[in-house]
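Just so it is clear, A, B, C, D, E and F label the chains in written order, and each chain counts residues from 1 on its own.
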Amino acid sequence: MRQDQREANQLRPITITKNFVKHPEGSVLIEVGETKVICNASIEDRVPPFMRGQGKGWITAEYAMLPRATQERNIRESSKGKVSGRTMEIQRLIGRALRSVVDLNKIGERTVWVDCDVIQADGGTRTASITGAFVAVVMAFGELIKQKKISKMPVTDYLAATSVGMLSDGKEILDLNYAEDSNAAVDMNVIMTGSGEFVEIQGTGEEATFSFNQLQAMLHLANDGMNEIFTIQKETIADLANRIGETDEDGDK
Amino acid sequence: MRQDQREANQLRPITITKNFVKHPEGSVLIEVGETKVICNASIEDRVPPFMRGQGKGWITAEYAMLPRATQERNIRESSKGKVSGRTMEIQRLIGRALRSVVDLNKIGERTVWVDCDVIQADGGTRTASITGAFVAVVMAFGELIKQKKISKMPVTDYLAATSVGMLSDGKEILDLNYAEDSNAAVDMNVIMTGSGEFVEIQGTGEEATFSFNQLQAMLHLANDGMNEIFTIQKETIADLANRIGETDEDGDK
Amino acid sequence: MRQDQREANQLRPITITKNFVKHPEGSVLIEVGETKVICNASIEDRVPPFMRGQGKGWITAEYAMLPRATQERNIRESSKGKVSGRTMEIQRLIGRALRSVVDLNKIGERTVWVDCDVIQADGGTRTASITGAFVAVVMAFGELIKQKKISKMPVTDYLAATSVGMLSDGKEILDLNYAEDSNAAVDMNVIMTGSGEFVEIQGTGEEATFSFNQLQAMLHLANDGMNEIFTIQKETIADLANRIGETDEDGDK
Amino acid sequence: MRQDQREANQLRPITITKNFVKHPEGSVLIEVGETKVICNASIEDRVPPFMRGQGKGWITAEYAMLPRATQERNIRESSKGKVSGRTMEIQRLIGRALRSVVDLNKIGERTVWVDCDVIQADGGTRTASITGAFVAVVMAFGELIKQKKISKMPVTDYLAATSVGMLSDGKEILDLNYAEDSNAAVDMNVIMTGSGEFVEIQGTGEEATFSFNQLQAMLHLANDGMNEIFTIQKETIADLANRIGETDEDGDK
Amino acid sequence: MRQDQREANQLRPITITKNFVKHPEGSVLIEVGETKVICNASIEDRVPPFMRGQGKGWITAEYAMLPRATQERNIRESSKGKVSGRTMEIQRLIGRALRSVVDLNKIGERTVWVDCDVIQADGGTRTASITGAFVAVVMAFGELIKQKKISKMPVTDYLAATSVGMLSDGKEILDLNYAEDSNAAVDMNVIMTGSGEFVEIQGTGEEATFSFNQLQAMLHLANDGMNEIFTIQKETIADLANRIGETDEDGDK
Amino acid sequence: MRQDQREANQLRPITITKNFVKHPEGSVLIEVGETKVICNASIEDRVPPFMRGQGKGWITAEYAMLPRATQERNIRESSKGKVSGRTMEIQRLIGRALRSVVDLNKIGERTVWVDCDVIQADGGTRTASITGAFVAVVMAFGELIKQKKISKMPVTDYLAATSVGMLSDGKEILDLNYAEDSNAAVDMNVIMTGSGEFVEIQGTGEEATFSFNQLQAMLHLANDGMNEIFTIQKETIADLANRIGETDEDGDK
């Protein structure tokens, strides 16, 4: 049993609140245990200079934490005047993951800006961000459809992320909270699609290593957890759920 | 009658939710109409280098908006690599206002970091920040008292802020929302203490000017609104309300 | 009596030297007591990108101090690589004030760059900057008229600024020098037009507050001082003085 | 057969030249096909502030490319004034990997600075950097032993990295060059120890996904290639090869 | 004859006004023709970290131009957030030159900050800065002697600078103004001591070259002009003139 | 005799290796004694904005050192976020020198980017950079000729650089290595053309001065060394050597 009474293969409770903020085209508050992230998706009617004239769109993500999202207050990155390497890694990861399930050729020359702002952190902020951002992006495209700017949902599949890890005693666990993450020998973030394919795997053992068998065990834990998350996503976007993947039905892309 | 059906001297509804985020010593979500600001007060057990060894504390504030707090998405200041002049003005204002009602000699060599993060903006974000931050700071000091690090509440009086303005037709109004603010001929922010003194007045007419009489009318509107705000603050911190000003009772400072 | 033998309502001596530097379209050295500021107004024949194509102009201001304008040498802002919050506040204030008395629709798509460089500081540098910059701007427009680029003086009224304050004993005084400013309980900058309207009021009590009556007393002091300043400005720009406000006579704007 | 006539499971030729630059404690030029990286390891006799007084050391890495290491010239990061997200990701990865095979408790309060400077790039610069940096670090520790500053080699195991990927036709290949990397559907970097454990796995499918079986196939390819690389490393540091792991023989750590 | 009626070997009129600004320990306004530079020397009672504990002092210089010192307004370096290469070159040159005639062992652990701020530019701003800064530095040391912080003038010799150049017709001229400088084929800055030694020579032909004989001719012009400048410096600091070089009389250093 | 057994007028051995890196249009590794610099010349088919539409080209240079090119590791300029004054001086010098022997009117609207990256430093890195960069630039133009983008070699003359100096005992020497440079009383960099004209002279005596006669002696040493360097350059670019200066034969420019 884990410190918070969870089984090794048990996720923390997940809540996704839609329309948390009123201005964005898509907005959710995702809570994964005590981790809380506001995920906003904004549509801009143009693409970055290097993509102009190609008739396709772009998705990019930014990630930040409120200074006191954590136990100790962090210096604000705007005050430091630069974004940390950790932040850059995370926002590149979020953007890349979202782009893997969106058909950018179907959204016109538009940019989707995804902002993931962590207001309370307890481990797994990057995976919660991806899971929440997926919902916000679907909502934003739903808004574009409602405005008749696009006709079909350009999202090809569900997308979610979670972490798995290995404790120093060699035990594999699912969905690490901050206390577990701090003590884990191995930490692995897994991003998958609704059809069970991997989008990204990042497994790291800073002061430890892991064997082929331990890797398999962690991947299976991730796969099991993922299915529960997809269920929650589907319920949240019930009105749009049956449109996911509809652009593929034409056999296009 | 105003666009949102308010009278000229009518505030928007104000809600203050305590403990919105779990880590900070003091934390509130303040909502003033559609404007929503997370105000967190964090205690650090040291002061900036220029104040060390003087036996007194410091209060400083930082202010930011989520990129999509507004109708149009703004570029994140951490991405731009610098804080805008507007942000600097606002965070200096918040810090100065809070210091005017805290006896810094009574808090030891500690820094109170106040973070005001606007998650949704509809005018009056800086005044909402001050009104909310005041509550967060009182809560943080309440926490210090509970931890027996200080013995008395070092807050000498209530503190709140609101805006008043003059429309282009010369009519004075209280608590401008974004639409009103954009069209106002004169915009004035007023910060006052619970005993009716001014802490700061900033009245600006970018493409207009105002007469002595118009100034008086605006100040009276502000004064009336302020009393309602103090009532809400008192209810929010009911458990600590009677401790405000207790350090003055000794005749000290 | 004040330390420098002035009455409470007495300004320091003011001198405005025209054409202090030869290249700018308008240039003055303003001396207010021991405070000395070079105010240069430069005309650029285009506007910032966000204003292009609107057929109107823009006025913007920059403010800086020589490192040793003050008793202690300050680090140069170019060396620090960023402009301080104080500098930003001041230059935004100067620009806003000047725009309130210029009809931007009458100057074509031009930018007026106002540079206020403090070479010696003894309190009141921002108010001296505004008073001096007004003269430099009028001179620059005079130059545009001479070059037949515009036909009428687009300045609608005189503009000047001064400070008032309240000492810790509660006494209100006009035009604070550095020693007074450092010890004042309340510091207020007032910007007014030649016709007696307020453009901006910024009253601050960092570690003090002020009552409604004290505010009135300070405003009256400011108003009295302002008239003397307008007289000096008029003498300085004697050749252009009767053209101030001429665009209003058409009933336009 | 691949464009450069390699088999799917065939590495490019690897050459490691020791003492390429004379000043560093450890220095190699590693060539992996047409990719060439100078890896220098420098010993500094102190640790970063956050680690002082703990009696242990630190390893950190920096990575850069010469502007014309690539087909098109890149803007120098020192000219841009900031390090890109890609660079940050890579240098964090290199440092983390090296720390996983060094017993930091055995090197005293010293920092090992590892500089990986790519002088010619043809894909796989980050994995070549890790493979080469490992050798440079062993050399630097050899130098410390020679200077009698430490008595045992603090490196616990061999460390190398390579890439594997999946082409758009679903075929898995080992050690991608630039042309292959640009067209790959999935790109995966694998870092392993001499004893066959994983240190880090980063698999990414930006516009594609991969199945569990494809993942297994890629991992097996990586594992096979790794053994050849370890052989080359051992030959390069023949004089120190038998000392790798000697601190573990005591049963310590 | 030159455009401003000067002979080839004729300097522009030079004026040095002492105590132009009141706060610095040494302050002059130097005018060389239409070029005007405020040179302030400030004494700080400590040295940079890398020099502490050596019992000697340091001299460093900063150089800047007011934005409208030139015909076209320049962007302020504090707004750009970085100092240009040209500015860095000039301030390094000024500091190096001054250090060559000051015995840093005789000034205690103090830093002399020299600020050269060009308020009007017409060619030769860097050489005017050096000539003026020398006087400001002597004044600042005079102030240290008056305060009995040091007992002898630590300046070992006079120091001045001027420019020479070669026009496109091959004619050599002394002390180029802006118009001449813009059209010169070769531009050379020469810094010399009162005893006729060179401190620095920087001769540049961007789109031209110069022969050995032309170089000799330019050096002779510089040498002749220098003597006139030393005479003006001596008159300006008449009260301290006989103390220059007094530390050498002991045979020390 | 000098520490490395050289005569006062003896250069260190010079080696220039062509095509050191494969991507650039021109690339050499130059070794001057223990100083090693990679010089790459890249052609970009456009010019900076301020030069567009003039039908001529531009040459610009960047210079950097690997962090451990020196005895002590230096902080990487990209990590510091800014380029040092020393670096700026050097890269401006390299660019200026190269432009003096290239007829920019003959290269079309192209920019030549010259990157000089020091991989090992032992004094004289800037002069080695210029000597090597000249060869890389000739190679790059040779490539343009081969691609039939230009028809004639636009290089008007040979260009090389070396250093001379004066030891503290007054002895003049040629081509200082690091140890000599650190102890020299005077350091002078000389850049000359193949026809014996000066392009740039920079002579500096930070804590010393030099007489007219000493200057002459140093210039003669430089002149003698230069001829040996031109011979090496000619051998290196034997295939293009007879084309240097061919654009002048038309009498054009």
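What we mean here is this: a contact is a pair of C-beta atoms (placed from the backbone, for glycine too) under 8 Å apart; a residue touches a chain by one contact, two chains touch by 3 or more.
By chain, UniProt protein names: A, B, C, D, E, F = Ribonuclease PH.
Keep in mind that this is a model prediction, so the values were computed, not measured.
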Worksheet item: Under the touch criterion given at the top, what is the topological distance in steps from chain C (Ribonuclease PH) to chain D (Ribonuclease PH)?
Response: 3
Item to complete: Could you run down the chains that neighbour chain B (Ribonuclease PH) and chain C (Ribonuclease PH) together?
Response: none
Fill in: Listed pair (A-D, D-F or C-E) duplicating the B-C contact set, over half by residue number
A-D
Worksheet item: What's the call on chain A (Ribonuclease PH) versus chain D (Ribonuclease PH), same or different interface residues, using the half cut on shared numbers?
Response: same
Discussion item. Taking only the C-alpha atoms, how many degrees of rotation bring chain D (Ribonuclease PH) onto chain E (Ribonuclease PH), rounded to the nearest 5?
Written reply: 120
Worksheet item: Can you give the whole-Å distance between the Cα centres of chain A (Ribonuclease PH) and chain B (Ribonuclease PH)?
Response: 34
Worksheet item: Taking each chain's centre as its mean C-alpha position, how far apart are chain A (Ribonuclease PH) and chain E (Ribonuclease PH) in Å?
Response: 61
Fill in: Between chain E (Ribonuclease PH) and chain F (Ribonuclease PH), centroid-to-centroid distance (C-alpha), Å
29
Fill in: Rounded Å distance between chain C (Ribonuclease PH) and chain F (Ribonuclease PH), as computed from the means of their C-alpha atoms
52
Worksheet item: At which residue positions does chain E (Ribonuclease PH) touch at least two other chains?
Response: 81-82
Worksheet item: Which order do the chains take around the ring when read from chain A (Ribonuclease PH) towards chain D (Ribonuclease PH)?
Response: A, D, F, E, C, B
Item to complete: Show which residues of chain F (Ribonuclease PH) lie in contact with chain D (Ribonuclease PH) when the two form their complex.
Response: 21-24, 27, 34, 36, 38, 40, 42, 44, 62, 64, 66-71, 73, 76-83, 87, 113, 115, 117, 119-120
Worksheet item: Quick one: in the complex, what on chain E (Ribonuclease PH) touches chain F (Ribonuclease PH)?
Response: 82, 85, 88-89, 91-92, 96, 99-100, 188, 193, 196-212, 215, 219, 223
